[in-house]
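Each of the two complexes below includes chain A, the first together with chain B, the second together with chain C.
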Partner chain A sequence: MVKAPDTLERADNSQGVRCRMVAASLSGKAVGQPVMRVDGIAKVTGRALYAGDVDLPDLLSGRCLRSPHPSARIVSINVGKAKALPGVRSVLTGADVPDTCYGRMCKDIPVLAKGVVRFVGEKVAAVAADTVEIAEAALELIDVEYAELPAVFSAEEAMRPTAPIIHPEAVEFVPGAAASIHGELSMYPPIPNVISRLRVRHGDAASALASAHKIFEHSFAVPSVHQGYIEPHTCLVAIGRDGLVDVWVANKGPHIARTHMAAAIGVQENRIRFNPVAIGGDFGGKGSLMDTLVCYYLARAAGRPVRMVMNSFEELTAGNPRHSASITLRTAVDPDARLLAIDARVIFNAGAYGGFVPVPTLHGGYGELAGAYRVPNCAIEVLRVYTNTVPCGHMRAPGAPQVTFAVESHIDMIAHALGLDPVEMRRRNAIAEGDLTPLGEKRRHLRCRETIDAGARAFGWDKPKSPGIGRGMSTYEHPPGNFGLSTVALTIGIDGRITLTLGSPDTGTGFHTIAAQLVAEHFAVSVDEVEIAQGDTLSSGFEAGASGQRLTTTIGQAIAAAADRMKQDLAALAAERLNCAPSDIGIGADGSFSAPGAMIDRRTLMGWAAERGKAPLTCQGENTPGRHSDRTSFVAHFAEVAVDRETGQVRLRRIVTAHDVGTVVNPITHQGQIEGGLIQAVGQAMSEQIVLKDGAVITAHLGDYKLPTAMDIAELETILLPGGGGTAPFSTTAIGEMSNVALPAAITNAVFDAVGVRLVELPISAEKVLEGLRAQASAA
Partner chain B sequence: MRTIKLTLNGTSVSREIEDNRLLVEFLREDMKLTGTKESCGVGVCGACTVLLDGTPISACLALAVHADGRAVTTIEGIADGDRLHPLQESFLRHGGFQCGICTPGQILAAKALLDANPHPTRAEIQHWMMGNLCRCTGYYKIIESIAAAAGAE
Partner chain C sequence: MYDFKYQKAASVADAAKVIGADGEAKLVAGGMTLIPTLKQRLAKPSALIDLGGIAELKGIRREGNAIVIGAMTKHVDVANSPEVKSAIPALAELASHIGDPAVRNRGTIGGSIANNDPAADYPSAVVALNATVITNKRKIAADDFFKALFETALGSDEIVTAVSFPIPEKAAYMKFPNPASRYAIVGTFVAKTGGNVRVGVTGAGPCVFRWKEAEAALGKSWNGDALKNLSVKADGLNSDIHASSEYRAHLIGVMARRAVAKAG
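For the complex of A and B:
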């Protein structure tokens, strides 16, 4: 046994447990405290169980043969030689699996290609064998004859009337009517290869633009990037003798994944069990079933459990990376540089399949567009388009990093064109109490200007700087997610300890620790009195999973509901024990129960209840899903760069990040979200890009696809503006998607400030900067 | 096939293995030490970092036969019984991990650093840890964890 987290805590505070309960209730020992991770010991000792660590008797390894063509008809597949290889236990092609397609919303992804392939990397055949080596040798023995078809790689080309149609049968992919919270949605409108078109309007942008003092129009391009989780997609499927399908998969939302799997394979939901595993990073990329369906069919055909692990080549070439985007913004301003109207056209390249996202289009493509500003007239058109490239999925604030790069560059360009300081430009237009958002929504507690000012002060925006040094800023607004059902169960044992059973994995953010802190706070106990039990999908209530900054809000509400019920039940028990009415029971800060002249602590009460068959006691709780919270949050980033005029090399020297926050539940994990998100954004800004050649991803291993390393970080200062106001229990808001979205524009704005080169395409490269410098020189 | 003898986490081990068995496969599959993770498979990410005679190596690139007659240390072997290694304790206290998949490799790489250089500067820590990718933390808390462990020793 290694030390449990509580014993480490005790090293700092060697009082007895009961004393600490008192202290907890008085000083907030749970919420607000830098509590160590409940999964921490397991993770620093290597004992945490990830999907790839699960071992079963007779386990086989599954591998897939993938298409070398971006668009082709499969003329024939011969698997005879592969089947004959010793150690091969099952071989499948599209002909061996049902026609049912899978998708989180658009049901357009075949288990294995049926007749056609639509991107380089599409799964064409699959093998399960005794070892990975045998499975890979078998793949080499499969003969596939292809007849190549015309392919299209850019979203703009795919929308032309002459473009090849990638999914002629597309309208059948969305069962029932698709709806959008905002605007006017068309699924599969009559434009070639368009999955969805969403038009969102507020006010009258066209009239405002027609009569404006000045109009600015700029276009931007943001490439696809990979989520970069270090644990590749991994799944393991075992079918029991009784037909129960057991699944271990790196998936952030097991309940929804289970429902999708049930529909796809035609097995009842209660005959499928997704088992809890640790997740080695998600960032939005692990919401789909990925290889789980083919793994199921291999296991069924072989009569043995099968594990599939995507290697990093497959991850980078055939995962579900972020959508690339092209964005055009037209903005009208008045003589005082106030924004009057924005017209935005956003085109997302979805790749060959649309089913990796659970929505018609990417929410961040419009939901927070220019949300930090007062824009009385707004017209946004968002298109999501099929191409013959790797299918794209969600990544941390889906759509928002692309669109925010455009908006925050655009605002900077307007400021410079008008001779206005970029901070002043943003201050002047910052949304404030009483303003509607650009989409016409009402929000409260709007601290955009305060956030910008706090960041600018800490950064020293007005201080002099040396030649070659540039400074830039960017801002972003995003509310916590308050959508989707969360259900939890609280159990209080006969020893008085409390267990929270929930259906959400901890994708790495520390959410299980946050949940333990929320539970502990309701009962005024320290976190080591609380156990977190992630149930499998049969033993836990429905949970919509990690998404859109929702867990602390939605599970927080479910925990509060369960805790309220638990307190009532405990008060009734205490009343029975103390011979009084439940209304006479007072709950002490130390978790004890009192009536006039009598008192009982929780542990003694539960012991008494157990003798009467009334313990352990379990209470369920659920949230009330709404739309987004009306309390939003703001962030302002400030970046300082040094640019080498000889080489174009950009070095990021310093970041100041200012966050408008609610109650910070755990300062360690909160800061972890900020730091991790920022450095992901540094990758998006400075080094990461999925590069395609003839439709195929050529940045196919981590030597070519450059994730930031410990050498790529910058001096960092974080400013928190605690102001409460959060709508979730204990006035929390959200942090998970606040730090990664807007930083790239702060960096490109700083490059412009340094050398006058405006980059409208990410990532920043020395070549692009040098090209800009040479263009300047030849123009001079 | 050949027989290798090595010291694994302080214990003598002898096993017959295929000549082309990778060290990461030997550790994870044959020895069931799944604390060592495999990710990129090409020696870039550092998730599979283990110590070979105290030197950090990528177990995804090394053959198991390479460990014959030598000492291999994995994440399972650095705690002293019930007592966590100071680096493990420091990563816990300072939030030097999130999802945890890169953490065994980070801690072993850091151990090799502190064994060689007990009081590294922040720049030395950054430089040394360059070979261990982390997507969750942005590295700040990893560096802080290592610096704190160095200060504590």
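For the complex of A and C:
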């Protein structure tokens, strides 16, 4: 059923958040409906089980002693006094754990520091005790003697020939993870401290730059930020009498994490069970094992289960924040301001360990660089570099926010330099049907210009504005992920109800609700008749987990495959009972089965199945992994700011965000992704930054690390372009990594529009703007 | 958080007796600073003496030409008080922009000034309005109350019971807030009371202070332009990840001029 164009207006807060849905969305019984979260009531009533809620008999608390030095040799560790403290059950140092290092691709993270520490916050010793307080008191009794070593904090300095080498020994890595990368990849090339160097080329950028009408070169810097999830990293490990290792951990991909843990501790995968827990926000930050390995060794040494919860200080100083980056772009244009070539150099500061990400380098560092534009020649070099700082991980569209800030500022700077309206500059260069991406990939359904136009219209780009007011825009392209295996099981019971068993937690995005809606749609039942069972890693099929906007596509395919099988099995059952051929069986819109002259509802059918010992009936389904969907999506953001010339203060007044979408499965969770992503981006544009001093994170609490509050958010309007074209079942695309990437550049572009000050480093601060205004005044 | 004893004081005298006898005991008013400090294990008091049950510490009243605010009066009550709004609207407005709604519904004026956080809003008003801090022992002039970073004139068994604000002819507060927290990076309170001009500056230095050059200039001419040629030296001002001392010095002037304009 296709509904008429729908207008959905709501006022969520005093700032007036509005969503204008101009899409005519496919809307069946379940898909397209604003269904309430299936986990909503459990979460708001406190019934949802998070890793920190799990309680077991004899449970101990584990805590870690962390390095105060960014680079030092451990001369000695004395744990005698800590071990003697009553209530302490086990104390471990690097000497007590195997030499095996852990990593999602690069195996470089020791369980506990062995001989050297490489960043402030590195785990040096661990204690399990009856209470957290005793464990913390024990940490204070551990004496560590360090001999400080030279340290390096910036990626550029770390690559110099004289820089201290942070990992002198060869680091083992999983070559498979590198295989999917296109371009020329060198792991651990002969450049000091470089983990990976990727060179991707399409066309001949060098020649195009050499002969171009005009060339523009600009450099940008984006700091590290924290994912900002509410639930800290938490894990609990219990080793059963039969040796089965039970794990409860805040991890977005339990099956893969289980495999990594098995390799690290030398226990077979099927003797480790990751149990289902709710996740209190992930944003890419919960893909690693974090403290799980040390927790396992503490539990083994103590002979009792151990729980570890990172506190907010540890999260902010020693989590796995987003990589900071420095980016230089050189672009050639023709006399009509058309982009001829881009040459990009991107340097990611990985911190002390590379193992927190499952890839050689961050996909967003090159994968969608300038993807919204037709750029016939492109050359990108991406370096990922060790430094003596907090190791970095993934965060929502890894690499893309950093690179997109650069690209979208750069395009704006070129437009202004050429005297061209920034919207016109982008429209003129927007990728369109038939064009290849800058990396030479074929994509379809290229609605870049339409998305920009829809946003510009709603925003009133051409309307007059007062002095001190600035307007800016930015755009971004990103297809849904279609990689990694997803396996699900559908079970229909004698009562006709359907259970979906899957291995992916709902990291907070609302995915379990989406999954329930997809199942319901296949069987034409209401979502209430579908139950979601998050299986443990022994009882659920393999699931690669949430990443790269993949779940709705990959689990959607797995659900479709399982639903097809189940319908076939049910039809065969019905045919047998009705004495007809399975091909005579039809399936009605209400989910009932019909044969010539007969109708059977699911419950009756399952009654028959039960008589034959075939109820409950379970069918598996899998996706067919590829890379990315070729149906990509675009977003265009428009921001309006007011700049105070006397103080440099930037006030964000208004945001319009336009999205080119497929079928919207659930308008509530869809809008939640858009608004949540934008608010995250406002923080990263205006206030968030992990600040280092001598290599140590000094923004160590939420008073100094400034996540935006409701008061910092501007009026927000969402425009959804009519959907369609999605490659996933029901023509869905993806939304999770669309709204958080490009907004900061729209805001800095608006600041430039307001007062002529160009910010090439995030975050925006009033002081930086004032410095720019003063520089302007003294130049005049 | 370390363990501590909790005691709800029945009266000011009762609370004073406990803190006089036990130097490790701490008073808790709204707890907006103390509780996070405890949670981070940055303080280890033997006992918390809760002032929340003492009715006489709450409330706002007009006494002659002054507004007297009980120490345990919450920011939200000052912000919404008809007496404060009509007599010293600048003070009500200041209270309405402290932190966020959660802070305003818990935090108290007595707690704020006794803590003397360098970025708190209230101290600027106390100094600029030349308020009198009333304790269980004495009356302390604003100029004598705030001593240094997190330090006041309060003795070991001394408790703020109220603050008396003389009603000014003109007053206004302008704050340059930190994002998210709304603490003052710089907050400037200007007031003209009985012909005297006072300018209280918070957020900029280790402790609230008066900008005396501005006071003299405004005393001669109550006009923002009177401050145009004045500047504050950055030496000794706070410099941190939120703002440099030079930027804070600049903001003092801007906020003062704007406050004068706002006061009318």
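The rule is simple: the second predicted complex is superposed on the first by the 743 of 780 C-alpha atoms of A that agree within 3 Å, B and C clash if a C-alpha of one lies under 4 Å from a C-alpha of the other, contacts with A are read in each partner's own complex, and residues count from 1 in each chain.
By our rule, contacts are C-beta pairs under 8 Å (C-beta built on N, C-alpha and C of every residue); 3 or more make two chains touch, one makes a residue touch a chain.
Given the structure is predicted, the values throughout are model-derived calculations rather than measurements.
S.K.: Once the shared chain is lined up, is A:Gly703 touching chain B (first), chain C (second), both, or neither of them?
M.R.: It touches chain B and chain C both.
S.K.: Give one of first, second, both or neither to describe whether A:Arg37 is in contact with chain B, with chain C, with both, or with none.
M.R.: first
S.K.: Which partner chains sit in contact with A:Thr507 here, chain B, chain C, both or neither? Use first/second/both/neither.
M.R.: First partner only.
S.K.: Kindly classify A:Gln671 by the partners it touches after superposition: chain B alone (first), chain C alone (second), both, or neither?
M.R.: Touch partner of A:Gln671: chain B, not chain C.
S.K.: Which partner does A:Gly455 contact after superposing on A: first (chain B), second (chain C), both, neither?
M.R.: A:Gly455: touches no partner chain.
S.K.: Tell me which partner A:Glu646 touches in the superposition: chain B (first), chain C (second), both or neither.
M.R.: second
S.K.: So, A:Ser687: does it touch chain B (first), chain C (second), both, or neither?
M.R.: second
S.K.: Taking the superposition as given, does A:Met711 touch the first partner, chain B, the second, chain C, both, or neither?
M.R.: So A:Met711 meets both chain B and chain C here.
S.K.: If I apply the document's touch criterion, which positions on chain A are contacted by chain B in one structure and by chain C in the other?
M.R.: 701-703, 707-709, 711
S.K.: For the complex, which residues does chain B have touching chain A?
M.R.: Going through chain B, the ones touching chain A are 28, 32-42, 44-45, 47, 74-76, 79, 82-84, 88-89, 91-95, 97-104, 107, 125-127, 129-143.
S.K.: Touching chain C in the complex: which residues of chain A?
M.R.: Residues in contact with chain C: 133, 313, 646-647, 649, 686-687, 691, 698-699, 701-704, 706-709, 711-712, 766-767, 770.
S.K.: Once bound in the complex, which stretches of chain A touch chain B?
M.R.: 1-3, 5, 8, 36-37, 39-50, 52-53, 55, 227-232, 278-283, 311-312, 507-510, 668-669, 671-672, 675-680, 701-703, 707-711, 713, 716
S.K.: For chain C, which residues count as touching chain A in their complex?
M.R.: The touching residues are 2, 40, 100, 176, 178-183, 241-244, 247, 250-251, 254.
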